[in-house]
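Please read through the structure below; I'll follow up with questions.
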Amino acid sequence: MLLELDDQATAVAQARAAGRRRSFTVNAVRILLVAAVLGSWELAATYWIDPFYYSKPSAIWNRLVDWFTTGTSQGSIWTQITYTLEEAVIGFALGSVGGVVLGIILGRSRFLSDVCAPFIKAANAIPRIILASLFVIWFGLGMSSKVATAFILVFFAVFFNAFQGAREVDRNLVNNARILGASRTAVLRTIVVPSATSWILASLHSAFGFAIIGAVVGEYSGADKGLGLLINHAQGTFDSAGIYAGMIIITVIALLAEWLLTLLERRLLRWRPPTAGHDAQI
Amino acid sequence: MPTQAEPDGPAIELRDATKRFRSSSGGVHTAVRNLDLTVRAGEFVAVVGPTGCGKSTTLSLVSGLEPPSAGEALVHGRPVNGIPDGVGYMFQTDAVLPWRTVLDNVATGPRYRGVSKKHAREQARDWVRRVGLDGFESYYPHQLSGGMRKRVALAQTLVNEPSILLMDEPFSALDVQTRGLMQDELLRLWSGDDPLGQGGGAAVVFVTHDLEEAIVLGDRVVVMTASPATVKASFTVPLKRPRDAEEIRLTPEFLEIYREVWESLREEVQITRERGAGNAA
Amino acid sequence: ACRDSRTSSGGGGGGKGNDTVKIMVGGIDKVIYLPAKLTEQLGYFKEQGLNVQLLTEPAGAQAENVMISGDVQGVVGFYDHTIDLQTKGKCVESVVQLSDVPGEVEVVNSGKAGQIKSPADFKGKKLGVTSPGSSTDFLTQYLATKNGVPTSGYTTVKAGAGQTFIATLKNGGIDAGMTTDPTVAKLTSTGQGKVMLDMRTEAGTKAALGGLYPASSLYMNCDYVKNNAATVQKLANAFVKTLGWIKAHKPAEIAAKMPADYAGGDPKLYEKAITDSIGMFTADGVMPADGAKNVLNVLAQFSPNVKGKKNDIDLSKTYTTEYASKAPKQ
Amino acid sequence: MLLELDDQATAVAQARAAGRRRSFTVNAVRILLVAAVLGSWELAATYWIDPFYYSKPSAIWNRLVDWFTTGTSQGSIWTQITYTLEEAVIGFALGSVGGVVLGIILGRSRFLSDVCAPFIKAANAIPRIILASLFVIWFGLGMSSKVATAFILVFFAVFFNAFQGAREVDRNLVNNARILGASRTAVLRTIVVPSATSWILASLHSAFGFAIIGAVVGEYSGADKGLGLLINHAQGTFDSAGIYAGMIIITVIALLAEWLLTLLERRLLRWRPPTAGHDAQI
Amino acid sequence: MPTQAEPDGPAIELRDATKRFRSSSGGVHTAVRNLDLTVRAGEFVAVVGPTGCGKSTTLSLVSGLEPPSAGEALVHGRPVNGIPDGVGYMFQTDAVLPWRTVLDNVATGPRYRGVSKKHAREQARDWVRRVGLDGFESYYPHQLSGGMRKRVALAQTLVNEPSILLMDEPFSALDVQTRGLMQDELLRLWSGDDPLGQGGGAAVVFVTHDLEEAIVLGDRVVVMTASPATVKASFTVPLKRPRDAEEIRLTPEFLEIYREVWESLREEVQITRERGAGNAA
């Protein structure tokens, strides 16, 4: 028995060590990749391609340092980030809640979905850039028009997945729950929503990116602060380093959001087989 | 036990019930045809029949999950429309919630019926123990073996103490002895001999492929015809309860009824076998 | 996708009889760029044996990028971009100067016209520009500072143009803003806005900026101009002829020449817009020398690119009068 | 037996009739909805709200009639439609193929997905409107820059779903296939792809809308033909009827594409239980 | 039959094999411990054991789907690394492809092995008939009953004519007679008595809960211990082949071995039962 416990401890330790080795390799490869790309970009921009269009990493870095130390033409960089982030977060929250709720309701009601489907699909086909300027007209220049743009982008991304997720629910599970005494809402809450979770999470992964895009596009249509405006300014003054620097800030924000989402995902999908469909053999 | 509308009337009644499905070729596949079946409250009916004849479909008619295409299904004297009160149905296929632990899976029913979380978990813990899964309370279904998942489903169904209990091959994945223990547990609940349950009197429809099991458990054994299913014959089991499976197997009454049921069933199985494509409309 | 090799080649189509020239217009429906479409409508490009394709691009500075990368050969846009681009090491020159005033107007919300009478009142206000870093931005900054309001003293708001600008002014998103026709015409005709500074005329521009501010122009890559003198000359001929035609005709006649939907369902308004703006166009397409200097002055104070480099700028490389002056006058 | 056949015929006929009744009701409700919205819009625009911003249905209708009979300032409306459609279709085809292929490959390879995930997520967070102007610089003004914008929008929408779909494949099915002798590629082809089909189709539903948006956004960055330009032109000339008319044309195209996709979906998912998760009861 | 590396050596060998899983609490759950098992080519081994002990896990080690945590698994004398050639494995749970019809499901294996579509379909059609599903060729799995799906899976596995055949409770969802027919089909293939197969000699590991079935089919019956599984005992079945299930049941040899196996198994089931939480590390 003692021997066995020992064995088990070793097994756990081995598993841990393997995990560490894996994540080390992964990170090493990532860093290598980034370094290779940046290096060849710098080199190319110095010798072959025209930094007027493509800028170069060192210039972008300087611009970033400049923004964070002395500020931008529109004021502190943090103000711009906060502003855009606020728009994106509100739009994301509203859009994902709206998308999930409507998606699940329509996904579970054949009649509603038959009636509404063409309208929703039609609405989805309206170019957001036009919507963004309509929103400025409808909601004014304040934060609400950007939130609306972010909302609409997030909403559709989430909606279609929640809808499909709700339709894909295993009939057996629904039947079982009904037999066990679940009311309609209980079925939604305990069967449909958990089943659709991986669908919804998959859409949320891209949705925060969309929320930021919405905020930036909204700022393009009219604004007095924000990262979108900053990039727009850079475009207006032929400052390609500024364009890329702005994009990098946006990207970093999106990655942070992504990281939070991954934590949430791990929490919500704890019940999964650890390597579901994700083994190295195939 | 939930209160019953007419304690003396039949708990389950199928009147001339027919169920058709659209088949893959766009035609119609009749799974159950003109089936009449009556189960009294407190009666334990075992159902046997050739594979694919329509047993599961029959249960789904009683449970209200599928409406009959023609004829009527009544539970406690009322036409089935939605899930009738007090029905418990253990499916042939796995239907435990993969995102809930064993304990929470078993607590699902009570929670749906409004029992407080704490109380539901208590009830669940007791049932997990009864089906022999103590120690696995916090496991997720994918971490269990096939037989363990079946037992979770069993506990999930029984914890609700249904007055109509439909079971579709509940014990087929269990080893002989575990199966025996589960059978005892089921009978205890059913006979009202249960230290925890409020009393017996449930009407049970128990689908099985094991004739011995059918005879040991049932008040009556119903044999279904080859597809489309209808009731071919119904045999009353003349054995006194409580029955001890080991002992009973060797009594002449047992052998007699076993032979009768077997003869009846064999014909149907043969038909199914021979007809082959014949029934595929 | 390496673009570098194409930057100086300036595209194909040099010298030969029936050349294809692509010209990007920074908003083909703006009245300040009206000569571009008008030339096409009048058939003057064809007359010169040119096959001109007009493209439009609403978002400002993109046009220059596209030209420098060689996708289009010319841009109809603001002259000041040529100076800006020189600081970035790109040689771009104006070959036909369509106007010697910006054509911009500072419009004030009618309700606030009492409080904002001159740029000196900009303090603490929200001022609309089409886009940060655009000419409207620099001009606003210049007006404010010249009148004693530091750039930090007011808020710059991107209000775009057209409906968004109008809606923003109406909703109080901005107190005043700089824009062009037909937005101005729309605002004044509905009484929502009042003109505070009118840079559509020479007099108004001189009053506001202390000199001319040549803006709307056709500019091209220096290399392209050098290598395709004949084509450039034909272009200049066509544009100058149009400018002459504009001087010789009434706004209503000009409006009638433009495609019907440029009026956007309100021909009266469009005519008014042309009436108000028509004075800005030059007659001969030639750049006034002091105008170019004045532009440099304005930019040198506010453009982050030009600031501090005023003396390094070679203005003679930003425009040429050679082609416009050679063009036959009407 | 004859009687039974009769019964069956009746049953089939009844099912058909019920189907017809359903779709009649659905269409009636749809038409009512559209009529109600258009009616109240027309009314509101006539009496309360400012048609300068909101236009009104009759004006939009006139504009559409005008476009289709006399043409637009940029030439025949059909030229514009063809042009935008061509960009959208090419972008859609490339983007969905790319998204599916890459999604499935990364979804099935833990190492690759670990390494690439942050880059893809970062790329997804780059505002498309900025990308569109970068594409003009990289690919020139022609059709390719619009196709690239459409591509990028479609790609990400499809990628995330294909990725998740590939990860969600039932382990049991994969194992069974491997035992039956499937090679790696055979597993991909016969198990992973069919399993992920409903995921992929869910994303394709929104993807064609994205493709059109991409084409339109691309046209906003510089073009001489296309629906985006038409709308942009309407914006520049205060022609709100034109803006809405353009949006309606885009919407109709998207709905047609959607309809084609539904046919495809029905074909591919024939094996499904007919009402999977889509019953009226819940 | 695929060619075998060493026709006389053991077809399957597990040497001191151990399999651990991470349990839900983050600890380690040992499903199989220090298990030794050898199966000769052409030998039919039936495996019985208490539910949840680790039988399925043992099969997955042999099939190469899971690597052992310690010890070795060898097939045809070679260490298992990936799926060994000639292995067929019929899972305990449904694994038919829901998007393929019955016929195409059965044709899956031959198609993977490069048989032409036409030929694969022919083979499949024959096997569909053998498992009694003629007429259902164009049905999709969701249109089949539980027992029919199992038979599809059986045909899917057998059509490949594996030289190592692993079966995890293949017949538990079938009625007695269909089960008998399937058993005959299996034995015919295994003994090389098959009019279509190229010969017998497959090594079979057959997990079942039905002791009778185990004895009727097996050359040997292996009893597994309570979790974690290891081989408790191995009983050689002294009955001559061909065996007729009905006849054999009454012979003293049968009753003798049945009793022995049953004793051995009962202890383990009891342990499982009593230990309850004990084995959940």
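To keep things simple, chains are lettered A, B, C, D and E as they appear, and every chain counts its residues starting from 1.
As a working rule, contacts are C-beta pairs under 8 Å (C-beta built on N, C-alpha and C of every residue); 3 or more make two chains touch, one makes a residue touch a chain.
Note that the structure is a prediction, hence the values are computed from the model and not measured.
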Name, by label, each chain that touches both members of the pair subunit A and subunit E. B, D
Chain by chain, through touching neighbours only, how many steps does the shortest route from subunit C to subunit E take? 2
Two chains joined by the most C-beta pairs in contact, as defined above: A-D
At what distance in angstrom does the C-alpha mean of subunit C lie from that of subunit B? 83
Centroid of subunit A to centroid of subunit D, CA atoms only: how many Å? 20
Rounded to the nearest Å, the gap separating the Cα centres of subunit A and subunit C is 39
Distance from the CA centroid of subunit D to that of subunit E, rounded to the nearest Å? 48
Tell me, which residues of subunit B touch at least two other chains? 93-94, 101, 140
Multi-partner residues in subunit A (2 or more other chains touched) are 53, 133, 137, 170, 178, 220, 235, 273
Please output the residue numbers of subunit C that touch at least 2 other chains, ranges allowed. 3, 59, 62, 65, 69, 163, 167
Per the contact definition, I'd like the list of subunit D residues that touch subunit E in the complex. 172-173, 175-183, 186, 190-191, 194, 197, 271-273
With touch defined as at the start, can you tell me which subunit B residues reach subunit A in the complex? 63, 65, 83, 87-89, 91, 93-101, 108-109, 112-113, 140, 142, 156-157, 160
Any idea which subunit D residues touch subunit C in the complex? 52-53, 59, 72-73, 133, 136-142, 220-224, 229, 232-242
Which residues of subunit A touch subunit D in the complex? 22-23, 25-26, 29-30, 33, 53, 107-111, 113-115, 118-119, 121-130, 133-134, 137-138, 156-157, 160-161, 163-164, 166-171, 174, 178, 184, 187-188, 198-199, 201-203, 205-206, 208-209, 212-213, 216-217, 220, 228, 231, 235, 243, 246-247, 250-251, 253-255, 258, 273, 275-280, 282
Per the touch rule, the subunit E residues reaching subunit B in their complex are 21, 23-25, 29, 48-56, 92-94, 101, 129, 132, 134-136, 138-140, 143-148, 151, 168-169, 172-179, 181, 209-211, 262, 265-266, 269-270, 272-273, 276-280
